[in-house]
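In the part that follows, the structures are each spelled out as structure tokens.
Below are two complexes that have subunit A in common, paired first with subunit B and then with subunit C.
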Partner chain A sequence: MAGTTPAWRHWIGEFLGLLIGLAALITVFGLTTDHFLSGTHLRTIANQIPSAVLVATGMTCVLILGQIDLSVGSVLGFAGAMLGVAMTRWHLPLPLAVALALAVGAICGAFNGLVSMRWRLPTFIVTLGMLEMARGAAHAVTGSQTQYIGSAVGRLADASILGFSLPFLVALVVVVATHILMVKTVFGRYTVAIGTNEEAARLSGIDPRGVKLSVFIGTGVLSALAAVIDTSRFQAANPNAGLGLELNAIAAAVIGGTSLMGGRGSVLRTFLGVVIIAVLNSGLAAIGAKDEIKRLITGAVIIAAVIVDVYRQRGVRRPA
Partner chain B sequence: MSPAPAPSHPAPVVRLRGVGKTYATRVLDGIDLDLFPGEVHALVGENGAGKSTLCRILSGLTPATDGGMELNGQPYRPRSKRDGEGAGVHMVMQELNLIGTLSVAENIFLDHLPHRAGWIDFPKLYQRATEVLDRIGMRDLDPRTTVDQLGVGPQQMVEIAASLWRQCRILILDEPTAALTEPEVKQLFEQIRNLRAAGVAILYISHRLEEIRQIADRISILRDGRLVGTQPAASLTLDEIVRRMVGRELGAESFAEGRTAGAVALSVRHLRRGHQVRDVSFDAHRGEILGFAGLMGSGRTETMRAIFGADQPDAGDVFLHGNSQPSRFRSPREAVQSGLALLNEDRKAQGLFLSLGIRENLTINALHRLSGFGGWLRRSDETSVVRSWIDKLAVRCHSPDQGIVELSGGNQQKVIVARWLFRDCDILIFDEPTRGVDIGARFEIYHLLADLAAQGKAVIVVSSDLLELMSLCDRIAVMSAGRLAATFRRGEWTQDKIMAAALSEHLAPTRATAASA
Partner chain C sequence: MTSRSSTSASFPALLAALLTLILAGCGPSDAPSPPGATEAAKASSKPRVALIMKSLANEFFLTMENGARAHQKAHAADYELLANGIKDELDVARQIDMVEQMIAQKVDAIVIAPADSKALVAACAKAQAAGMVVVNIDNKFDQAVLDEKKVRIPFVGPDNRRGARKVGDHLAKQLKPGDAVAIIDGAPNAFNAVQRQLGFADAMAAAGMKVVTAQSGYWETDKANQVAAAMITEHPQLKALLCANDSMALGAVAALRAAGKQGQVLVVGYDNIGAVQSLLKEGRILATADQHADQIAVFGIEYALDLLKSGVAPADKETPVELVTAPAPTR
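Here is the complex of A and B:
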């Protein structure tokens, strides 16, 4: 408990539990199936997670702020739908269509932030409304039809550098950049402070509104970016894309030790949370578990991870 | 040291032998303490001396690391607060434990609501609550009132009422008067004396030594986790108590010498907000400390919040540094940017970031001074700033990154004071700056405030502690029912004059209603 704990020990304390859990999962699935540890399979997992990583990153920031954004999955669906419609019907060039999709995400996020602040509504309510509205909008613009775009959009997901797909690298960069933003900058410090005690932050002279608005816009943009990646991967925009993703994102954040009460969380640990869920899902599929069993086990893992985190927090605060 | 005998009572109700507690460090060591039925036993000591830990152990909130306790000759090892309460040990804590959305009556009887087949029997509940409130002299309080609607003082009385009706043999009061006005304190003391007469043992913690001299039979002094001694209250002078608490001499210092008031820094004119701020006008000068006295609910805090932009005033103007243009702050942020600082009354709810460290709590509103391009924080600069403030204010901690919750109340307050000092504001409003702060730390904060005034800053101090204001201030403004009743210069004031001014609006109700109509 000395104040001069070396940085590396702090670092290990933060990540050790998650890494052990991940290693245990990989070991178990590696031993029980033939091809789980093969390069192709691991690469498949890596290619599946980028959109979940981006959405969970945004969600983590919102949770640290002491708020919640239930609309991330629907915003992903809406932004993807706009991307599809822009390319198939309006024949916009790819960069313009992507910019449009990102703008849609930003607008949805701004709506969440502005409405909840102007009328002092809980973000739970406002984003629940946005969850319905954005999904409705996605169906409206596409006429509830999946928009098949083809290889024009597919080249984004197919591109790869040093064996990693472009989306995976984008997600990694976003995770690292967001982590640095939260840990090393004034903006991140404000986010944590507001999430811990908004009134104290306001009375000490911080304007929480700018920070809140930025975080919600950022989360909207990340959902839209996830939409671009998913659309590119499937070469099609499905108005039902991202259905229920908000709960996955919250699960990943919570596995990574993010507090739903605000003020505590780490984007890097959320990333590990996403990876753990992905490995678990894909491993369970590999051993032939049925969907209902997968859901049972995934749910149990979420709860177990939080229980472990409770003990970890106790240990950090005060040796009992 | 063996405890001094309490003459009239042969057997102690509680006996502590060698009680100790170790968290990360040893915070309590070898405490021997006897509590006798029918005595008021005061526990004094600086913040961090171990008073609260001792109470937590006694009430069952925290287990002792070593030593033993006996209750009526039987081993007593409470494992929870409920255990302790079952054995008749009740504690009223510094931080209130009431449920704001429930009524006074429901709070008092929360775990023993009278019911029929699961339905709360409200008539019976209210009748019982009225009886209990009656017993503590709170006849006027309607038990159906929602607790949120009460001020801190009445809330505290409700909490005390909640422990009184239970079969309470030992009552622990942790800073019960910190938020009470003088009449409320008198009422409380009357109740304490009644309980004492009924044979209850009362363990009384307070930083207000004057009060302890009034109410306590015996005094135990803690210093750095050890019991310095237990003595009959009559045998100790104030100076002696302070000396033994601090372990060094504290002279009678005045904090108002060697400075002269300069130009007007802050002018408030005809400020109004609801019923609580009614046409308040005053000037605060550079180089002076202006005190605000008044009863609870006299509108001092509300006045300061309206000036600061924390609440929007209905009318009135604020002028800075003699400007003819009024400044109206729509948010605290604008006020802070214009050089105003407000140190809030309610530390936990409005001041602290409880789950963060000293570092984050200290630098939060001056990060622009510690960051470069893109808001990039210069962490090592921040560390040295935080360390220097820890040294300057003698904050007791082992690292700049220690959790703020781990600090004692006084040390937390020091960190918040440091926050505003580091922000370098030139008009500083301190609302109850020493609430729950021990004597040694108080004096340091007084010195700091005096230094700030001497440096030419305008300092405003709102306090319920008259002696504090009288030793600190150059002028004292007295508020009464939302109005500024009087302003006294040093030398003009007496305690009686100030109290009379504080009560003036209450004694002349016709004038108050006529003026507000």
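Here is the complex of A and C:
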């Protein structure tokens, strides 16, 4: 569908609404606060979003596949807990501890994929189970105590290239790579096909199992990578980290126009969704808005974004 | 699908097992004992004390419960302990269920850290009417609701406002009158969050500081981090961040580090969790408050046992809150 329209028109259609929305938010906050438009503030936002970007990227792929992963926040908590315990109690060197955390993410993702496929369970149920299990495991390994690690892990987040933190650059690379994977490769096309109509995909010779398993493992690993980044920023691993993150990730994906019914979505637009939520949070905090107002506005923006997306889709479809 | 009928037969069973697992996660850790066992326990002279906690996923309440369990072990001859917590700190309905379960079990005393200072009053009044001793710990019941229900439930616990005041007073000594400060609050519907904010505000007002903004970090590191980052860019003149718990102080410290403002803005917390010990030593967190979590439930239980023995009219009892500051450099 997308490939037939000229590239530039396609790009404008894809991103115009989101970019206008983002520009509007930045303008409003720029006018209502004193320092919002400063380089420091924008850099601060850039340094805050990497973990949300990574988790939302994984979530977008799962949603395109027509599935859902409710366990991303808990897996983030569990992987971070393992990282913390590995460094503070087992005294593993940083690279080994990071590898362990990523392995935890991969195992949780593999469990989600394998169990739901083996017994044909809805991923909603399996990942809901994992949401509990991974959170429980995070508390079990840490004894429910935040593990303070210190600068041994902090140096990852402190590293910066051209003023951007290492985590931000990692997140950008992951977004671009995942985007290419989803739109330019056979794997991506299979993912969309399965998400659109799994039975039809199967009948046309696509084996959905490998794709599903890969997407869930990938999402688990991205959650774990987000855990490494968060742990590094806070120099501490908190077993409650990532609580409720699954809903934020879904919100970002939905703002970016991802369909909860599968078959449609874009990692790049999800990235903009994350940025919009981050700008909104940061701007409302800069104004000093009351918490009830913050929540009202955030919810309203999500719904407004989805309504705008309905029009965007009509616009894209009309020429075809 | 028909080719795998053997597996699809197990589908409902597995689903049920999974759901049981999930539900068990919210259930009490000590399953209600069968009626026979209840009678047997009733027959023995040892009083049975039910400890009903908030979320055990919270380090503070876990420490509290562990303190209670250790106390029970040391006093095994004196009483039996039924300790339960809820999964989610805000799951008020689940906690009410738990109180009713304990009434049905005919325990002798209920020691409760209510998740909501108003919603739990009715259930506890019912327990009192059923002849049980009820002691309120940690989070004080709302006085207006107690009056309206015409019940008196003794409170044993720390004064969060006074604790926060101590932390704020200590911070004020490092500042000049007129300095700009910001407060990062806990969850706005929590009584102790409100008390801590009041305590911080009291201290800042007394010392002549200017609170330029106060916003909620919902007790969490990452939410506090976002709020703190926005505060320090929007108010570059800030001299201090007062955080209603230590997890949020960790987030504030990270925000300062990211903004390159370490050492320019002071941070204080509350709770004295293990994770802030080295930050206190390094001076990156100036002070926190220790409410001796491991002792709070113990005080409540001892209080309940005293009441069971003497039946004396209940009075409130304040437990100590200690200011914790960076240790003086020994070098």
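Heads up, the rule we're going with is that the second predicted complex is superposed on the first by the 313 of 320 C-alpha atoms of A that agree within 3 Å, B and C clash if a C-alpha of one lies under 4 Å from a C-alpha of the other, contacts with A are read in each partner's own complex, and residues count from 1 in each chain.
Criterion: contacts are C-beta pairs under 8 Å (C-beta built on N, C-alpha and C of every residue); 3 or more make two chains touch, one makes a residue touch a chain.
Owing to the predicted nature of the structure, the values given are computational and were not obtained by experimental measurement.
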State whether A:Thr44 touches subunit B only (first), subunit C only (second), both chains, or neither.
second
Look at A:Asp230 in the shared chain and tell me whether it touches subunit B only, subunit C only, both, or neither; answer first, second, both or neither.
second
Just to be sure I read the superposition right, which of the two partners does A:Thr298 touch: subunit B = first, subunit C = second, or both, or neither?
neither
With both complexes superposed on chain A, which partner does A:Leu128 reach: first (subunit B), second (subunit C), both or neither?
second
Most subunit A residues touched (candidates subunit B, subunit C):
C
If we overlay the two complexes on their shared chain A, which of subunit B and subunit C does A:Leu203 touch? Say first, second, both or neither.
first
First (subunit B), second (subunit C), both or neither: which does A:Ser160 touch?
neither
Residue ranges of subunit C touching subunit A (in the complex, touch as defined)
1, 4, 7-8, 10-11, 14-15, 18, 21-22, 25, 56-59, 62, 188, 212-213, 215-216, 220-222, 225-227, 229-231, 233-234, 236, 247, 250-251, 253-255, 257-259, 273-279
Okay, in this complex, where on subunit B does subunit A touch?
23-24, 308, 310, 331-333, 335-337, 342, 344, 349-356, 360, 364-365, 367-368, 371, 374-377, 379, 398-403, 406, 419, 423
Subunit A residues within the subunit B interface of the complex:
1-4, 184-187, 189-190, 192-193, 196-197, 199-207, 263-264, 317-319
Hey, which residues of subunit A end up touching subunit C in the complex?
33-36, 38, 40-41, 44, 47-48, 118-121, 125-126, 128-129, 132, 135-136, 139, 143-148, 150, 154, 157-158, 165, 230, 233-236, 238-241, 243, 281-283, 285-286, 288-289, 291-292
